[in-house]
Amino acid sequence: MDLDNLASLEYFYPEIILAGAILLVIVLDLVIKNKRVIGALSILGCLASLGATLQLYSGPSGFLFHRMMVLDHFSLFFKIVALAATILVLWMSFSSREVASLHQGEYATILLSSALGMFFMASATNLLMAYLSLEMVSITSYILTGFLPRNRRSSEAALKYLIYGGVASGAMIYGMSWIFGMTGSLDYSQIHAALFQGQPNQLALFIAFVLILAGFGYKIVFVPFHMWSPDVYQGAPTPFTAFLSVASNAAGVAILLRFFFPGVSQLGPDGSWRFLSGVEWPQFLLIVSMVTMTLGNLSALGQQNLKRMLAYSGIAHAGYILMGLVVLNTEGLQAMLFYIVVYLIMNLGAFLVVVLVANATGKEEIDGYRGLAWRGSAVPAIAMAIFLFSLTGLPPLAGFVGKFFLFAAVIKQQFYLLALVAVANSVISLYYYARVVKVMFLDFPEASDGRVELNPGAATLLGLLSVMTLVFGIYWGPLVAFTSQSLQFFTK
Amino acid sequence: MEITLTHFLVLGAIIFCLGMYTVLSRRNAISVLMGVELILNSANINYVAFAHYSSGGVDGQIYAIFVIMLAAAEAAVGLAIVLAIFQIFHTIDVGATETLKN
Amino acid sequence: MTEHVLTYMTFFPLAGMIAVLLLPSSKPNLIRWTSVVFTIPPLLLGIWLYRAFDPNNPGLQFTEQVPWIPTYNIQYFIGVDGISISMVLLTALLSFICIFASWGIEKGVKGYFALFLLLDTGMMGVFVALDFFLFYIFWELMLLPMYFLIGIWGGPRREYAAIKFFLYTLFGSVLMLLAILALYFTSDPHTFDMTVLIKQGASYSTTPLGIWPFDSLHLRWGFQHIVWLALFVGFAIKIPAFPFHTWLPDAHVEAPTAISVILAGILLKMGTYGILRINYPMLPQATADLAYVFLGALGTWNIIYGALCAMAQKDFKKLVAYSSVSHMGYVMLGMASFTPQGINGALLQMFNHGTITGMLFLMVGVIYDRAHHRDIEGFGGLAAVMPVYTGISALAIFASMGLPGLSGFISEVLVLLGTWQKYPVLTVFAATGVILTAGYLLWTVQRVYLGMTNEKYKLMPEINTRELFTMIPLGIIVIIVGVYPTVVLDLLRASLTQLNQVIIPHLG
Amino acid sequence: MEHPIQTDYLRWIVLLPLIGAALNGLLGAQLQKRVGKWLISIIACAPVVIAFGISAAAFLKLKALEPEERFLIDHVYPWLHVGSLSVDVSFWVDPLSAVMILVVTGIGGLIHIYSTGYMHDDRSYWRFFAFLNLFTFSMLLLVLADSMLLMFIGWEGVGLCSYALIGFWYHDHVNTRAGNKAFIVNRVGDFGFILGIFLIFWTLDAQGHATLAFREITKNAALLQGQMLWGVPVATLATLFLFLGATGKSAQIPLYVWLPDAMQGPTPVSALIHAATMVTAGVYMIARLNAVFSLAPETLHVVAAIGAATALGAATIALTQNDIKRVLAYSTISQLGYMFLAAGVAAYAAGVFHLMTHAFFKACLFLGSGSVIHAMGGEQDMRKMGGLKKYMPWTFWTFTISVLAIAGVPGLAGFFSKDEILWQAFSSEHGSPWLWLVGVVCAGLTAFYMFRQLFMTFFGECRADHHTKEHLHESPKVMTLPLAVLAVGAIAAGYIGLPAVFGPNFFGHWLEPVLGGGHEEHASAALELGLMLVSIGVAALGILLAYLMYYKKTLSPDVFASLAGGVFYRLFDRKYYVDELYQKVFVGGALKLAAIGVWIDTNIIDGMVNGTARLTVFVSWLNGLFDNYVIDGMVNAVADLTYWSGGKFRKVQTGSINGYLYVILGAVVVAIIIKLRYAG
C-alpha cells in the first residue's frame, strides 16, 4: 500500500482527531472559565484518538503521503504509548499544584502537540519527516520545560534544553545531509537500497551515523547525550518531567529503530538483523549501553532530589533498553518494546507520588519523604515502594519481567559481559531506590512533616498504575503478545 | 577555478565547526543561539549543494527551506526563554545560571 | 481438594494477607486472629500431606501443571517429592507458630501481619515450585517482605541489617537469574520446566573454557561449571556459606523474634534446598567436580568458623545466628558426600536445624521481651527464677549441641558418618565442631541460666502460656525425631537415593 | 551365640529409670510441693530397684543356659536405616553386660536409697532424682546397647547427666564451671569415639559387612585386618580413636582433668557416676570391643602405657590432697588406670573384675565420705576433721573396710582384683615387668594415701570448730544401710574371681564366652605367689608410712615434701600444672581463634562488602567531580583562551551547558578516532 495525500487521510484520523482536539482546546480556552474542563477535554481527545489508533491496528499497513510516513504495527504501537502517556500525564496534572498555577489551555495544547509530534516520529520514513517530527517534539518540550513562570530552575532548564537540543538536531541534520549526499535520497527504503548496493565511504558513513545518533540519542538520553536530562527533569513541571521521561524516550527509540533497522540493516531469515558491513554498531552500542547504565546508576546514588534521581535512573534505564538493540535480533527488539511499556507504567507512577508529596510538602528532596508511610494514608508510600522495586527489577513486579526479557535476549546471544554488567547495575540501583523506601518506611516523620492527602482522582490513578505494575509482573502474556505483534515494520 | 561539490562541502564543514566553536566558547546566550543557527546553516549548504550536484529532484532544497523555517521557530522559542532568563537572573550569561547542580 | 493441596497451602496465606489488609487497623487482635486462621489450613493440609505422601515413590507427587505464559514455555508447575516435603511441612509449622510468636508486635500490626503472610506464601512457593521461573518469582517474593519486616519492626540497627540482607540476597539472586536464563536457552525446546531440564542435565557441556585461573585446582571448568557456580553463589548467600555469611548475624540480631525464627528456620534452608533441587540433578558433572571444594571443604570451614565466631559473641542472638552458620555447614558437608547417610543426614539436618534454631530464637525472644537486652553477660541465674523456661531452653540448647536422643544428633551423626567414607580428613575437622559447639553453648548456659541470680531479674516473670505454646510443639518434634527418626527419614529416602544415583556415575 | 533368645523384658531395665526421670522431671516440682518428698523418693528408687530385679532375673536366666548360648536380646524398634547403615534400638544381655547391669542397678539402687537421706534437705530434691534416674537410664542404655551407635547415646547421655549433677548447685559458678569442664572434655573423647565408630563401620562396609552391632563386629573383626588408612592399619587407628573416647569418659591421661573438679557435685553423684559406673564405661567399651582391640597390639601398648601412667600420676597427686573427696577422685583415676592397664595387656576379664570390685569399695568410700561431709555440715577439708571414729561408728567401720580393700589388704575384694591385674601385667604376652613395677608402686602409694585419709579423718583429735563438733552425729539409717551393704560387697566380691593359685575363678569363666579365656598355661604358681607377696609388702610399707606420719606422727610428712627441693611436692600438689596448661593452650587458643574469626568477619568480609558499597559511592562521587572540575576546567580553559586571544583575560564562572557539549564532542571525536585507528 502506497497512498497519495488524499487517500492517506483515511488512515490518518488518529492524527486528525488529535489535531482537532488541539484546535478545539485553543478555541475553548478563550470561552470556558472552568479550566478543569480543558484537561478533561484533552483527555477525551486523546481517548478518541486512541480508539482510532486501536482500530487501525487491525487494519492494513502501508505508506502514507507519498512515502513520507508509514502505517504499520510498529508505528501504531508507539502512538499508543504516546497517547497512553499523554492521557496519564494529563490525569496526573489534575492533582499537581504546580500545574494548577499554569495557563491550562496552553499547557494542554502544547502537551497534545508534543504527542502529535511523537506520532510523526513513530511513523516517519523520510529524513525530512524525521527531522520535522523531532523538532516538533523538541520545541514543544522546550516550551513546557520553561513553562513555570518566573521560576529560576524552570527557565534555566529550558535554556539548557534548548541549546542542547538545537546543537543535537543541528548535528543530526548535518549528518543526514551526508547520507543524502551519498545516496541521493531522503526516503528510507531508497537509502537502504543505495547503501546496500553501492560502496559507500565507510568513514563518511560512520561519521554521519554518529551525528545522527546524537540527534536521536538525546531523545533517548543515552551517554554521552544524556547530560541535559537531570537539569531538565529537575527544572520542568513534574507531570511534564514524567511525560518527558517516558514518552519522549519512547519516541526516540521509535525513530532510532525505524532508521537503523528497516532503514540501514537487513533482516535475516532467522530473525536476526545484519548491519551494513564495515560499520561496527554492535560493539559501539554495547559499550554505550554499558556506560549508560553504569553512569546513570552511579550518578543516581548521591542524589537528594527525587526528580533528579529519577532522571539519572532514567538514563540507566535507557542503558537497559539499549541492551535490546545490541543483540540485533527480534527478541531484543521485542524486549525493548516490552520494557518501554513497563517503564512507562512504573515511572509515571513514581512521578505521580513525587507530585503528591510535592503538593503536601512543597519538597522534592528526599527528606520530604521521611516517614511517608506513617503520615496519613500509607497508600502513596506503598505504591512508591512498588514502583521503585519494580524499577529495580524485583519479581513479581512488571519491571522484573521487562528486565528478564532483556537479559534473556542478551544471554541468548551470549553477551555474558553485558549481562554481568547489567546485573551488577541492578544491584547498585537497588541501593538508591531502597534508600527512598527506607526513608519512607523505616524512618519516622517529624512533627513538621505535613500529611499527604490523596484526592480520589490521584488515588484512582495510583491504584491503576500499581495494579498494572503488579499484574504485568504476574501475568504478562497478553502484553508480550501485543509487543511481538507490534514488532512489524512495513518496508515494501 | 571551477567551483565543485567539494568546495561546498568544505564550506559546510567549516561553518559547522565555527558554529560548534561558537556554541562551546560563548557565554552569552544570544551568541550561543547564533552558533546553533550556524550549525543548521552548514547543513543547509550541504543539502543544497548535494541537490544541485546530484541528478534531479528538489528534495535538498525543500529540506533546506524546512530547516530555515524551523530555525526561525527555534530561535523564537529560544529568544523567549532568554528573555525569561534575563528577567529572573538579570544576565544572559549561560554560565551564571547555576541553580541546577548535583 | 486433594489435587490442589499444594496450591492451597501456598496461597492460603496470600488470601490471608488480603483479608488482613481489608481489616481496620484499629483492631489489632482481630488482625492477629485472622492471621492465625489463615495459617491453620496450610498446617492441617500439611499434616494430611504427610499422611498421604507415598514415601516409596521417588518421583514428584501432588503435581499441578498449568501453562502460564505459553509463548515462553513458562508454567505454573508445582509438586513435592522427598527433597521438598520436609521443608514444606516445616514451613507450614513454623509459619503457624511464628504468628503466635509475633503477638507482641504493637506497631503497625496490620502491615506486619500482611507482610508476614506474604512472606509465608513466598516461602512455601519456593519449596513447591518446579518451574524455574516460578521458583525465581517465589524466591524473590520473599525478599521484599523480609526487608520490611526487618527494617520496620527490627532493632536499633535495623536499617543497616535490612539493606545488607537485601543487597546480599539480590546480588545472589541476579546471578541465579543469569544461570537460569543460560539453562533456559541451552534447553531445546526452551523450557523452564525443572523436570525437563533435569533430564537434559547430563548433556550440558563440560568442555573447559580454558580462561579460568583456577585450572591449577584440576577442575574442569566448562559451561556446566560456570552455571553451577553462578547458581551456587546465589544459594550460598542464603545458606549462608562463608564468606557470604555476614548478613546473617546482623539480620538476625535486628529482626523481631518471629522473623529470626523464619530466617533461620526456613530461609537458610532454601540455599541448600536449591542446591539439592537444581544444582545436583541438573548439573551432575559439575556437582561431582565441584562438590568437594565448594560444599565439602567450605561446609567444614563453615562448621568450625561459625562455631568459633559464636564463641566470641556477647549478644545472645548473634551467638545463635553464628551457630546457624556452623550447623548449616553440616548440611553442606553431608550433601557433598554422595553417600546415602550423608545426603539423608543433610536433608534431615535442614529439618532439624529449622526446629532447633526456631526454638533457640524463641528462647532468646522470651528473655529479650522481658529484659530488653540480649547481653549474655547481663543475665545469670535465670534457672532459679524461671525454671520451666530454663528447662525448655536446655532442651533446645542440648538439641543444638547434638545430644543423642534429640534430633540434632541423628542428622549430625548421619552427616559425619556419610562424609567419612568420602572425605575422612574433612570429617575429622568437622567433628571438632562438636567440641566447639559444646564449648560455646555450655558457656552460654552457664552465663545466662546458672550462677547467682542477677538482682535486676529476681522478679522476672516465668515464661507464659503463649510462649510455651510456640516452643513446645518444636520441642516435641525435636524429641520424636531424635528417638524415632524414621518419621522424617522415611519421607526423604527414596527421592534422595534417586538423586544420588544421578551424581554417582559422574564421580571420577 | 548364633541364635540369641528373644525376650521382651530387657527394655524395662532401661525404660523404668527413664519413666522415673520423666515423672520427676516433669511433675517433680509440683509433687514435691503438693505431696511431699517421700513420693519423689519412691518414684526415683522403685524403678531402679525393680530394674535390679529384672537384671537379676536376666542374670539367672543367663546362668541357666549353656555358656555358649548365654545371650538374650530384646528388639524394641528399628531406629536408623539409611543406606547400608541399619541400627535398631535393641538391648542385649550377655555375660559381660549382665555383670554391668547388676553393678549399675545394684550399686545404683543403693546410692539412690542413700541419697534420699543425703539430699533430704535440698530444695531441688526432685531435680536431683530426675537426673539421677536419667543417669541410670543412660548408663543402662550404654551397657545394654547392642550396637555402637546406640551405646554412643548412652555414652553421651551419661555425660549430660554428669554435667547436670556436677553443676547441681548451680548458684555457684565453681560448680557450673566444673560441669562445663566435664562435658567439654568428654566431648573431646566423644569426638574420638564417634570417629572410631565411623572407621569400623566403613571398613566393614567395604568388605560387605556393614554393621555397628557388637556381635557382628566381633564376628567380623578379622575383616579389619590388613586394611589401611593414612598409612596406618585400620584396626589400630580405629581403636586409638575409640580409646580417645575411653580416656575422656574414664578420666585417663590426657583427658582426666575433669574428674577431680567433678567432685563439686553432691557426694552420691560422685559415688555413682564418678566412681562406680560412668567412669568405668571406657573399660567396658574396650572389653566389649576386645575382638577389635586384640587386632591392634600397638593400641594395646598405648592403652597399657596410658593406664600405667595415669595410675601413677593420679596416685602421686592424691598424696598431697587435703580435700576428702579429691583424694578419692584421684584414687579413682588411679584405679581406672589399673583397669586400663589390664585392658592394655589384653586381660579384659581382670579389668572388668577390678571394675566390679572397685565399684563396691569406691562407692562405699564416697558414700562414707558423704556421710562425713553430711555430719560435718559440708566441710570437706580433712585438716579440719579427725577423731570422727567415735561420733560415727557405722561410717567409720564401713570406710575402714573399704580402705583396706582398696589398699590391697589380702582377703578383701581389692586385693584379688588388683593382684590379678598385676599378675597379668607381668605375665601376659602384652605385658612387661615394667608395667608390673609401676602397678606395684601405685599399690604402695594407694595404701599410703588411703590410710593417710583414714587417719586424718577418723583418728586423732577432732580439729573441727566447736559449732560443728556439737552437731556431729551418725547419719540416718537410709545412709548407713547402703554403706553396710557395700562394705559387705567390698569384702565378698573378690571371692568370685580368685586367682588361679587359690581356686576356681568363677568370674573369669563367666566372662569367657565374651572376653576369651585366660592364659594360665605357662605361668608358674610360685612366681605368681612371689609377686603377690611383693605387692603385699609394698602395700604394707605404704600403710606403715601413713601410720607413722598421720597416726603416730613420729615421722613428719615434710621430710618427703621437701625431697628434691620440694619440686615433686609442688608438682603433685599442683597436679602437674595440667589444668593451667590446658586452660592456656586449649581454652585460650579457642578463644583466640574465636576473636580472630570475629575480626575477619567485621574487618575483612564486612570490610569488603562495605568497601564495595563505599567504592561505588566513591566512583559516583568521582563522577560528580569529573562533571564539576574536569569538564568545567576544560570549559574555562577554552574560554580563557578565547578571551586571551581577544585581548581580555577574565576568570569566568563555570558553564555547564558548554561543558556538556564538550563531552559530546569529545565522545564523537574519540569514536571517530577509534574507527579510523582500528576499523579502517
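Lettered A, B, C and D in written order, each chain numbered from 1.
The rule is simple: a contact is a pair of C-beta atoms (placed from the backbone, for glycine too) under 8 Å apart; a residue touches a chain by one contact, two chains touch by 3 or more.
Being a predicted model, the structure only gives us computed values, none of them experimental.
S.K.: Could you tell me which chains are in contact with chain A and with chain C alike?
M.R.: Expected: D.
S.K.: Steps needed, at minimum, to get from chain A to chain B via touching chains?
M.R.: 1
S.K.: Hey, which pair has more contacts between C-betas, A-D or C-D?
M.R.: Result: the pair with more contacts is C-D.
S.K.: From the centre of chain C, which chain's CA centre is farthest?
M.R.: It is B whose centre lies farthest from that of chain C.
S.K.: Report the chain closest to the protein's overall CA mean, measuring from each chain's own CA mean.
M.R.: Answer for the innermost chain: C.
S.K.: What whole-number Å value describes the gap between the mean CA coordinates of chain B and chain D?
M.R.: So the centroids are 95 Å from each other.
S.K.: Between chain A and chain D, what distance separates the C-alpha centroids? Give it in angstrom.
M.R.: The computed centroid separation for chain A versus chain D comes out at 76 Å.
S.K.: Mind checking the centre-to-centre distance between chain B and chain C? Centres are C-alpha means, answer in whole Å.
M.R.: That gives a centre separation of 66 Å.
S.K.: Find the geometric centre of each of chain C and chain D from their Cα atoms only, then give the gap between the two centres in Å, rounded to an integer.
M.R.: Spacing between the chain centres: roughly 34 Å.
S.K.: What parts of chain D, by residue number, touch at least two of the other chains?
M.R.: 613, 624, 656-657, 661, in rising order.
S.K.: What are the residue numbers in chain A that touch two or more other chains?
M.R.: Residues 159-160, 163, 167, 231, 299, 302, 431 of chain A touch two or more partner chains.
S.K.: Going through chain B residue by residue, note those that touch at least 2 other chains and give them in order.
M.R.: Residues 20, 23, 32, 94, 100, 102 of chain B touch two or more partner chains.
S.K.: Enumerate the contact residues on chain C facing chain A in the complex.
M.R.: 68-72, 111, 136-137, 140-141, 143-144, 147-148, 151-152, 158-159, 162-163, 166-167, 170-171, 174-175, 177-178, 181-182, 184-185
S.K.: Sort out for me which residues of chain D touch chain A in the complex.
M.R.: So the residues of chain D in touch with chain A come to 613, 616-617, 619-621, 623-624, 656-657, 659-661, 663-664, 666-668, 671-672, 675-676, 679-680.
S.K.: List the residues on chain A that touch chain D in their complex, please.
M.R.: For this pair, the touching residues of chain A are 159-160, 163-164, 167-168, 202-203, 206-207, 210-211, 214, 223-225, 227-228, 231, 278, 280, 284, 295, 298-302, 428, 431.
S.K.: Considering the complex alone, what residue numbers of chain B touch chain A?
M.R.: It is residues 9, 12, 16, 19-20, 23, 29, 32-33, 35-36, 39-40, 42-43, 46-47, 49-50, 54-55, 57, 59-60, 62-63, 66-67, 70, 73-74, 77-78, 81-82, 84-85, 87-89, 94, 97, 99-100, 102 of chain B that touch chain A.
S.K.: Considering the complex alone, what residue numbers of chain D touch chain C?
M.R.: 25, 29, 77-85, 149, 152-157, 160, 163, 167, 170-173, 176-177, 179-180, 183-184, 187-188, 190-191, 194-195, 197-199, 201-202, 205, 229-230, 590-591, 593-598, 601, 605-606, 608-609, 613
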